[in-house]
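Mind having a look at this structure? Questions to follow.
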Amino acid sequence: MSAATAETGDVAGAQSGSAVMTYREALRLALREEMARDERVFLMGEEVGVFDGSYKVSAGLLEEFGPDRVRDTPISEEGFVGAGVGAAMLGERPVVEIMTINFLLVAMDQVVNHAAKIGAMFGGEVRCPMVIRTPNGAGNQLTAQHSQSFEGWFAHTPGLKVVAPATPADAKGLLKAAIRDDDPVLVIENLPIYKEKGEVPLDPDFVTPIGLANVAREGSDLTIVSHSFATVRALHVAEKLKQEQGLDVEVVDLRSLRPLDVETVAASVAKTNRVVCVEEGWPTYGVTAEIAARIQKACFDDLDAPVERVGMAEVPLPYAKNLELAAMPNEDRIAAAVLATLA
Amino acid sequence: MAIEIDTLRDLYEQMVLIRVFETESERQYKAARIGGYCHLSSGQEAATVGVVHALEADDLLVTGYRCHGFALARGVDPDAVMAELFGRRDGCSHGRGGSMHLLDVSRGFYGGWGIVAGQLPVATGLALGLVRQGKPQAVLCELGDGAINMGAWHESLNLAAVWDLPVVFMVVNNGFGMGTAVDRASAIEELYKRADSYGIRGERIDGDDIEASYGAAAELLAEARDQRRPSVLEVMTYRYRGHSVADAGLAYRTKDDVARHMEHDPLLRVRALLRDAGISETELDEVDARADARVAGAVAAADASPLPDVDGLAAGMYAAGSDVQFERMMPGSPFGEEELVFAGGLGT
Amino acid sequence: MAIEIDTLRDLYEQMVLIRVFETESERQYKAARIGGYCHLSSGQEAATVGVVHALEADDLLVTGYRCHGFALARGVDPDAVMAELFGRRDGCSHGRGGSMHLLDVSRGFYGGWGIVAGQLPVATGLALGLVRQGKPQAVLCELGDGAINMGAWHESLNLAAVWDLPVVFMVVNNGFGMGTAVDRASAIEELYKRADSYGIRGERIDGDDIEASYGAAAELLAEARDQRRPSVLEVMTYRYRGHSVADAGLAYRTKDDVARHMEHDPLLRVRALLRDAGISETELDEVDARADARVAGAVAAADASPLPDVDGLAAGMYAAGSDVQFERMMPGSPFGEEELVFAGGLGT
Amino acid sequence: MSAATAETGDVAGAQSGSAVMTYREALRLALREEMARDERVFLMGEEVGVFDGSYKVSAGLLEEFGPDRVRDTPISEEGFVGAGVGAAMLGERPVVEIMTINFLLVAMDQVVNHAAKIGAMFGGEVRCPMVIRTPNGAGNQLTAQHSQSFEGWFAHTPGLKVVAPATPADAKGLLKAAIRDDDPVLVIENLPIYKEKGEVPLDPDFVTPIGLANVAREGSDLTIVSHSFATVRALHVAEKLKQEQGLDVEVVDLRSLRPLDVETVAASVAKTNRVVCVEEGWPTYGVTAEIAARIQKACFDDLDAPVERVGMAEVPLPYAKNLELAAMPNEDRIAAAVLATLA
């Protein structure tokens, strides 16, 4: 079946099989299924309703579920993220959309100092089962204030769970798992990835478990560890290196950042003995720093070379296209890092 | 609004309980059996008890960190409150929250929060939850005069008004945010007038008058329940002690200022009302004695309560069933993390 | 306030320049020579030009991301603005900022900011800087109707009022924040009344009336300079195009809505004023022609400007002299970091 | 001369020599010297004036410099941090005190998306020479919302500089360097460290250069890498292990987190071949993750054991004293990590 019909939604009822659809459509399907499944689930955020969503993830949902369950908010991230926290404390299942992760900076306090604290700080007497969905990433000349990736900051925070799907199937599976989870979960989407296509299971009970990485491609020469859009880049690089140089690069897609599936990463490194970690954001004090720190300890005797890291050049991302391209963790830079690590 | 005499005697008893409890808390803090920040509400009893009395059983309450009095007025067991201050297992937050983070869902008390104005968005969300669940109740959200200058105030009030949420924002104007007088922090001194920016009702009352406190709160809470309109209730009162037990409270005001306010102490005012209504001094002294005994009992109970179990360091951090999600995170983890955090389980 | 005729003709020319510039920007965006977000201000020219005309040479200007018109009205070279949109070296931000982040300190224009309401605290600080430096000037800070619901609005207005800072907050009410109509986002529709929460003056005017825009801004800016009082100026206008070039702008309003507003287009209104004052059609057509030529020239100049040098990727990130501080950071750094970021130097 | 006289400030004019004073007094001395030296320097924050500072760092400064230069603010971190940004853009030198780093969460947007972006995003046309001073840390039962250490998040952000002095001398030297620097600098103080005493140079021109780590103790058996209060703990542990087991532990005090002096760290590891990184906050996706990631790459052939990390147990810090003690990176846990790494 086609993405087009997935878009129109005829698939929501289907019990099995799969369909090719975009990452965006897969997220929408997950929202529709979970809203249909559980009255407590509702969506709120800027432009999620009348505007059909800034990036159209929620297109059609207002019409289908009405204004109580698809709530356009004022521009007040701190206010409505906190509204999600409070509603969740009463057992509701808010799904809060933050237009891009850059805007979570004005709501950090509600996420880190409120949502994340509730379970432990009140001795387990009350929980906060909420989801915050937001895209990270860069690449469309959105410039310094709009091109960032802060997921590592949330993954640093005990009390939060953080997932970052790289495929349409996991976009559906992890968003559904997050909505069904009883803790605050950040679902990190990504701007360039929304249009990526892939097979997505139509079974409404399909979920991707939180805390389980995925070996997205098998290989024996080197492991690339990545998440979100970096995994898409990594798979292209792996394919290219196979074609051009006959290299077998394994790609481990983390999928979850907290919890982090180090076991799967370590098993891969034990096999390949060389690893390159890739992220969309700045590596220094970033996600790949933790991955490298874990690997060097878990795989100390397995490593034939230092763990290498590739990410965005560490500057506030400039507007000019040539500068932006140079700064991104593009496929050439990833390939070069792989070759350098194999040298 | 006049309060029936037996009720007023009960409210007086609550007020005395709070005063005695706070005085004892300070003593215990200085004896190093209570730690962290400890914010007392002595002097604010009429505002606290009067407004909380206007809550119905199923209404919800959210406050800042100065929450001992609110918890007690809401009927949280004094033993559990003192045990929390002692950091014991039987504390209302099982020793995890301490003075600033009291909570008792069974009493509709959703905390005790420590970030100034951070509780406002949460309260707005609780009101949203009530509406989504078709419940008739309302939320009372306490904040201070200093908190009103935080952005969270503005976003929460606007959202509550745009969405017609049943929440009454109780601004406890005790004259200071730490050492900063209201007129040095806020561009207008009549804080309740900020309600106009959201097209909602704002009232200011003498918070040391328990009948005024109760009456105004009852009216605004009824409006919130019946018409789903948020509102602002500014209660004028005064904080006798320092900002927290660590603050002598005299860098920004004089002993005389405090003494002047103590002259019309809210407890004495209620006591006078009761005497005028024919309650005898001896009966009132009995009330005071009961409060003393209740607090002494709370200290004893707290003392008898065991320390939290160190194996349960991470208890409650995540929901039951989360352990399996974290199972694969152990390799290469920081020193001692597995034993300290995961061995005891997350979801218990 | 009536504007002298020659001046009005000049202002008309600025308005036409902006309209032509925005129209050309959209064309260039669709030709993929401009990227990122591109927010046009077509329809808002009278508000922009009228208010900016009230600024004195040394006054400061801060805006959000919808800033092409403000930059041009403030006298930033159209070549430098178009070059910035093209991401070229001669752009007013040297190709680093793009459409949302124009800046020209020589014109007192302190940016072009992209986070909704993020420019308000910055503007407050600029006003504080002026006061500390004993300068007589004022700051004009533009924001949108949607931005007024951010916490930064509240904190900035309160701080400006408490500290008597010379800043006029210009609320451009163009009816929508993206697809959200004002009444769906704000609890009150008369946004200027929020000034009352800070004890400062708030005014609302027809922003499509250039004389009203100029007059109100001149008065409030004078008050800010002379009495060091902040104020709020709400200008009612309408955005013809979508929120950004990527938005068709019809999901939340109809073609007719837009057409109805275009009937009293601010350019036509000024043109009528000028005609009534005896300026001939031909002369006005010449003005239009000059604007067309100016924008065509800007495109040519932008086109001729070189791309920024990739070796200078990090240029400006840190002040001159910072390189030595980072020298010892190289070992173990991420792949390519040294060559990409540090080789070219930080402080240049 | 005594800390008491340092407190009364008779030393501010002194041209040379040194005095024993607390970390708190050293910070105050730095503020007084820089305010005396440069009219553009002014202090703002909650309770810095009339109240003499929440932690008394600014005690007496209002009296000495008056209300224009020592400004009490409303409780509005986002507002007054942004006010610092704007004033700095005009060439003023604001020093903004945030009562504790936990409250920076409500001002993240002004720090990360404004202050940090200015230099690069506007093509170097305008700068933001401001200082944000704030203590991190835990240990006094302040509970989950008030016991955190987020310095790694700011060190992750290109455009910012982050320093974290561990001694009174560096508290003076680094705060002065930060105030004189032309970029936004975060000076990370620490709650338990304020009362620590040490020798402080009285020369008003003494500054500690940004970007230079310090070998706080020489040793040959193992290197502890730390910053802020963790360095105080590390030095105690090193001394104890010397006394009790004759071990020679080297302690590298990072002092700056961005820029980060990896050269000094690498030189130490090349000598000792074993390293334990310690921080007050949560290690996962924390500061020590980056330190470990750098070391494993820079010192791959030097390491005889994996880089070990010790920090706060990864939970929202509980109130109860026994739980708090167990969760902290206390000296016993650090010593155990050192011994395990030597085993």
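The first chain written gets the first letter, and so on, giving A, B, C and D; residue counts start at 1 in each chain.
As a working rule, contacts are C-beta pairs under 8 Å (C-beta built on N, C-alpha and C of every residue); 3 or more make two chains touch, one makes a residue touch a chain.
This one's a predicted model, so the numbers in the text were calculated from it and none came from an experiment.
Counted by C-beta pairs in contact, the busier of A-B and A-C is A-B.
Taking the CA centroid of subunit C as reference, the farthest chain centroid is that of B.
If you average the CA atoms of subunit A and of subunit B, the two centres end up 38 Å from each other. Separation between the centroids of subunit A and subunit D, computed from CA atoms only, is 32 Å. Centre to centre, using the average C-alpha position, subunit A and subunit C are separated by 34 Å.
Subunit B and subunit C have Cα centroids lying 45 Å from one another.
Residue positions of subunit B with contacts to 2 or more other chains are 93, 95-97, 101, 113, 115, 118, 149-152, 155, 158, 162, 184-186, 314, 317, 332-333.
Residues of subunit D in contact with two or more other chains: 74, 76, 78-79, 102, 105-106, 109, 113, 120-121, 143-145, 158-159, 260, 283-284, 288, 293, 296-297, 306, 308-309, 314-316, 318.
Per the touch definition, subunit A reaches subunit D in the complex via residues 78, 102, 105-106, 108-109, 112-113, 116-117, 120-121, 143-145, 152-153, 155-159, 257-258, 260, 282, 284-290, 292-293, 296-297, 300, 303, 305-309, 314-316, 318. Those residues of subunit B whose C-beta lies close enough to touch subunit D in the complex are 35-37, 84, 87-88, 93, 95-98, 100-101, 113-118, 146-147, 149-152, 177-180, 184-186, 251-252, 307-308, 310, 313-314, 317, 332-337, 340-341. Those residues of subunit A whose C-beta lies close enough to touch subunit C in the complex are 46-47, 50-52, 54, 72, 74-76, 78-79, 102-103, 105-106, 140-146, 276, 283-284, 288, 306, 308-311, 313-316, 318-323, 326-327, 333, 336-337, 340.
By the touch criterion given at the top, residues 62, 91-97, 101, 103-105, 110-111, 113, 115, 118, 120-130, 132-133, 151-152, 155-156, 158-159, 162-163, 314-322, 324-333, 348 of subunit C touch subunit D in their complex.
Those residues of subunit B that touch subunit C in the shared complex are 149-155, 157-158, 161-162, 184-188, 193-194, 196-200.
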